[in-house]
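So that you can tell them apart, the chains are marked A, B, C and D in the order they are listed, and the count of residues begins at 1 in each.
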Amino acid sequence: MCENEYNQNELMVVNAARLLRDHDVVFVGVGIPNLACNLAMRTHAPNIQLIYEAGVIGSQPSRLPLSIGDPSLVSGASSVCSMYDVFSLYLQRGNVDVGFLGGAQIDRFGNINATVIGDYQHPKVRLPGSGGSMEIAAWVNRYFVITPHQKRRFPARVDFHTSIGFLTGGDARQRTGVRGGGPKAVVTNLGLLEPDQDGELVCQALHPGVTFDQVQENTGWPIRQADNCAITLPPNAEELRILREVLDPKCIYI
Amino acid sequence: MCENEYNQNELMVVNAARLLRDHDVVFVGVGIPNLACNLAMRTHAPNIQLIYEAGVIGSQPSRLPLSIGDPSLVSGASSVCSMYDVFSLYLQRGNVDVGFLGGAQIDRFGNINATVIGDYQHPKVRLPGSGGSMEIAAWVNRYFVITPHQKRRFPARVDFHTSIGFLTGGDARQRTGVRGGGPKAVVTNLGLLEPDQDGELVCQALHPGVTFDQVQENTGWPIRQADNCAITLPPNAEELRILREVLDPKCIYI
Amino acid sequence: MTKLMTLSEAIQLHVHDGDLLYASGFTHLIPFAAAHEIIRQGIKDITLARATPDLIYDQLVAAGCARKLIFSYMGNPGVGSLRRLRAAIESGELEWEEYSHFSMISRLKAGASGLPFMPMKQTGAVDLEAQNPAFKRVMDPYTGEEVVVVPPLKPDVVVVHAQRADSTGNAHIWGILGEQRLAAFASRRVILTAEEIVDEEVIRSDPNRTLIPGLVVDAVCHVPYCTHPSYTQGYYDRDNELYLAWDQISKTQEGVQSYLEEWVYDLPDRAAYWEKLGPEVHRRLSAGTFLSQPVNYGDYSNQDNHDV
Amino acid sequence: MTKLMTLSEAIQLHVHDGDLLYASGFTHLIPFAAAHEIIRQGIKDITLARATPDLIYDQLVAAGCARKLIFSYMGNPGVGSLRRLRAAIESGELEWEEYSHFSMISRLKAGASGLPFMPMKQTGAVDLEAQNPAFKRVMDPYTGEEVVVVPPLKPDVVVVHAQRADSTGNAHIWGILGEQRLAAFASRRVILTAEEIVDEEVIRSDPNRTLIPGLVVDAVCHVPYCTHPSYTQGYYDRDNELYLAWDQISKTQEGVQSYLEEWVYDLPDRAAYWEKLGPEVHRRLSAGTFLSQPVNYGDYSNQDNHDV
C-alpha cells in the first residue's frame, strides 16, 4: 500500500490508461506507460497487445520490470525479435497503434525535445537523445505523452526537434509524408492537453480540484482552454487497487 | 559399387574437387557440386565450410541430400538462417569464396544462360531462370561451372545473360563494379576450360585420352588451346572409393 | 482470442478471385493442402508469387486458378522442369514477372519492413533488368555508384505453414526458414497452417522460436501433413518419389487433370489425402527423433533483486 | 579449428589504438568484462559505437580509452543520465556522432549486408539529420518521394556475448537479441565471449538457435559472468542496484576512478571480479529455471526413402 489518497503519478497512470482502446497494439517502455498499459489490460481493454522496444512481444512479466531489458519481460513472452526487426517489421511497417513518448520539453504543437537544451554543438544540457522516439513519433497511428506539468517542460518552441508533433501546425506534419497521426493527448498532473484542428495543444480536461489558471501558469505559451473542457473522473477504487496491489506493490513508479 | 572404371560424372566430380582449397567457404547446391565439395573435404581440404543456398551452414547430412531443401541437411547442422540472410549476410557481404553454377549455355566469355532459349518474351525453350545464380556469379570470389561438353551448351554468345562471366571480355566485367572475380574454371567431361587474361575461355587441360579436336568439335566458337595445356590426372583409387562407398553409394549422381 | 477455423473456411474467407497469393516455404513447409483447397474452391485469376513455384504452382496453374506468375526459379528441385508452368509460359497463356532469388526476396523484405524499395548490389547481368521494369536504379549518395532497387511486394494473402502454433497464431518454425517470416509481415492477410495446435505455454516456453507472431495472423488452421510431398522438419520427410513421378504425370495436361481428380477434387480434405497415401508411404516418410537440447530462460519471479 | 583463447589474449590481438569498437548487446549481454580488459590494457583513441552506451561506455570514456562516441540513446536505462559521457560531451572533450535507434541499427544492417546504404522512411524530425552529415536523402524511384538513407557501419572489432558457444565460435543466443547478429556480420573482426563453452553437438542439436556462426568469429573466450551488471538471460539477473549506485559513483571523475581502481585495475580478470562481488550478490542475482520445450529436428539417417 502506498498511501490512501491517490498521488500525481497514480493520477497520470489512470488517465493514460483510459486513453487506450481494446485491441490496441502498443509500443511501450517501462515505468509509467507500462503501468498504464497493464492497468488498461486489467480494466476496459483486455486485448491490448504490448510490444517492448527491446523486441519482446506479449510479455507476461512475473515482476514489475525495472528496465526495458528486464529478463522477466522475456521469460514467458510470446515472441522475441531483433532490434532491426522490431523497428522495421512492427513500427515502420505500420503494425503499431499507440506509442508513449517522453522528453525534457514538449511545445505548443506537440513537438518533443529529448536531445539537448541550448545549442546542439555546444550543449548547455546534454539529454539522452532520441532512442526510438524519432521513429515512434512518426510511425505509430497515435501517441501519448505523460509528463509533469511545469513551465520549463512546456516551452512555446522546443530547442531541438527530437520527435515530430505537428511541427509549426496546420498541415505541416502531413506534408512531411510521415504515416502516423501524431500526438493525441498529453497527460499531466494538472489535466489533459489535446491538439486542436490546427495541431495546437489546448487544455481539454482538468483533474479534480485543478484550475485552468494553474495550467496557464505552468505552460510556456498562452494556452487556450477548449470550449468543452471537462473535469476528469478521479481514479476509482478498483484502478487504485490494481495499481497498488498488483502492478506496483513496492511503489517504485507510483 | 557403380562400375570398375570411372565414368564421366566421376571424372568431373574429381576434377572439380581438386579446384577447391582448404578453408574455402563454398556456396553449394546438391548434386555434382555437393559431391565435389564433400570429396575435397575428405581429401586435401578438410576445412572447407559449406553454405547451402537454403540457408544451412555446416551440414553433416546423414544421407546424400537429394534436393537443396533436404531435411538431412538441417539435422545436425551448425547454423540455419533465412533466405534473405543467406543472400545478404553471407553472399552480398562478401563472406563466400567459391560458388558453383550451371546452365543450359555457357559462352566464350564465361557468361551463363539458365533463363531462355530464343526470345525472352516469346521463348522457344523456357528454362528455370536465375534462382540465386545471378547473385552468386557476381558476388563470390570465384566460381566454377561443371557441365557436359556439347556444342549446344557452348555457343559463342549466350541467348540471355542470366549470370555474369566476363561479358564481352577485357575489363567489361570489372567496369560493372561487381565484387567477385568471375568464373575461374569450367569442368567438362573432356577437360578444363579457363579464362585467359582477356576473359576468353581456353582449353587449359584435357582428360586422359581426349584430343583437342574433340573439344573444338563440341565448342561453338573457335576455341584456343593454352600453350601449357595439360593432361589431367585420372581419378585415383582413393577418390573413387570415397565417392562410391561413402558419398554416393547408390550412384544417384555418379 | 482464438483464430482457429478449418482450412476450407480460411480459404473461403481470405482468398478471393484476382488476389495476389504467396504460398511461402523455400523447399520446406510448402502448404500443398492450401493450394488443393483453393483448387477445390475454384478460385480464379490469382497472381501467384513464390521464389520457387515448385509443384504447388504447377498444380494451381494446371487447375486454371492463375492469371500470372511472379518467381525467381521455376524448376522441379532436384528433378528438372515444371512442365505445366513451362508450357503455359511458352504458349503465352500465363503472364509472368521474373526475378533472381535475392531480388525476389528483397521485394518481400521491402514489403515486410514498410520500405518503398530495397537496394541490392549490382550483379552485372542486366538482361533480366531490361525485361522487368520493376527493377530500377538509384545512385548511392555516398559513392556515386548505382545500386539496383526493387519495389515492395505486398501480397493480398500469404499462407505459412509452421510446426506448432497456439490458437492465436503465435508459431514456432525450425529447419529451413526460407522467406516465411518476411512473407507474413509483407502480406495484408495471413493464413497460418500448423502440424500441431499447442497450448500457448508451449510457445511461451521459447519465445525466440516464435518467427510468426499472432499479431499478423488472421486464421489458424490445424492441418497435419499439410506440406506433403514437401516436408516438415521433424515431422515427416520429403517425398522424393512424388517429385520424380510428377515429371511423368505433368507431361500432359490430361495427366495432371487425372492426378487432380484423384488427389484433390475427389477428396474432402487433407486428412483424407493423407489416409489415401497409405501406411507404406507414412512409414517411408516418417522422421526419426533428434531433439534440440533445451535452454534456460530463467525464472525471475523471485522479487529479492527488486528491493532497491 | 579451435579459436579458444583468454579474453586478455583476444583483446591484445584484436583491439588496437584508434579502432572503431562496437561492444554489442541491447540492455542484455553487455560484455563488461571485455571493456574492463580494454581499460586494463590501456588502449587509447577508440571510437566507441553502441546504440545505448550504457555504463560500459561511461566507464571506457572515464578511463580515457575513447576519442569519439557513436550512439542513439545515451541514458542509464531506468535510472537517468550517463554522467561521465554527458560531462565529456558538454565540455567538448569527446567527439560524438548521433542517430536515432533505427538509423543507428540501419547502419549496422547495411554493414552486415554488404549494402552501400540502407533506406528508412522519413520521420519528419529533421534537426538530427541537419547536424549529422552521414544522413542523406535519396529519391524513391517508384513514388518520387524522398527517403532517408544511412551509410554502412563497419566496426574494426565487435565483441558479442553469448550464452553458449563451441570452440569455433558457433553461438546460441536467446532472450533479447538487440543488434548482436548484425554487429558480428558488419565487423572486420569478432571477439565472442560465452558463459559456457559446449561441445559442438550441443550447438548442432539446434542450428536455428545459432545466431552467430563461427565463420565470422575470430576469437572465442570463456568468460562466465561477463555481462554483470547487465545480465545473461537464464544465467543471472540484471544488477539494478549497481545501475542505481552508478548514478552516485559517476557524479565525479574521482568517484569513477576509485571504482575502476577497485573493480578493474586491481583485479586480474572476470573470475576475480565475480568472486569479489561475493555470495550475497551471487544469490541475489541468481536466475531460476524456466526451460524451453524441445523441438524435434528429425533423424533422417534412415535410407529407406532414398531408394528411388
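Here is the rule we go by: contacts are C-beta pairs under 8 Å (C-beta built on N, C-alpha and C of every residue); 3 or more make two chains touch, one makes a residue touch a chain.
Small disclaimer: the values here were computed from a predicted structure and weren't measured.
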| item | value |
| --- | --- |
| Centroid comparison with chain A (C-alpha atoms), farthest chain | B |
| Length of the line joining the C-alpha centres of chain B and chain D, rounded to whole Å | 39 |
| Whole-Å gap between the CA centroids of chain B and chain C | 29 |
| In chain D, residues with contacts to at least two other chains | 114-115, 120-121, 145, 174-175, 177, 205, 208, 233-234, 237-238, 240, 287, 290, 297-301, 306, 308 |
| Residues of chain A whose C-beta touches two or more other chains | 56, 66, 70-71, 74-76, 80, 88, 92, 139 |
| Touch-based graph of the chains, sorted into line, ring, star, complete or other | other |
| Interchain pairs in contact, sorted by label | A-C, A-D, B-C, B-D, C-D |
| Residues of chain C that touch chain D when the two form their complex | 114-121, 136-143, 145, 147, 149, 151, 163, 172, 174-175, 177, 202, 205-206, 208-209, 233-235, 237-241, 244, 283-302, 304-306, 308 |
| For the chain B and chain C complex, residues of the former touching the latter | 30-31, 53-56, 66-71, 73-76, 80-84, 87-88, 91-92, 115, 120-126, 128-135, 137-139, 160-164, 167, 173, 176-179 |
| In the complex with chain C, residue positions of chain A that touch it | 25, 47, 49, 56-58, 60-64, 66, 70-72, 74-80, 88-90, 92-95, 139, 250, 252 |
| Complex contact set, residues of chain D against chain B | 1, 112-115, 166, 170, 185, 200, 203-205, 207-208, 210, 213-216, 297-301, 303, 306-308 |
| In the complex with chain A, residue positions of chain D that touch it | 26-28, 51-52, 71-75, 77-78, 81-82, 86, 89-90, 92, 98-103, 105-106, 108-109, 120-128, 131, 145, 174-182, 230-231, 233-234, 237-238, 240, 243, 287, 290 |
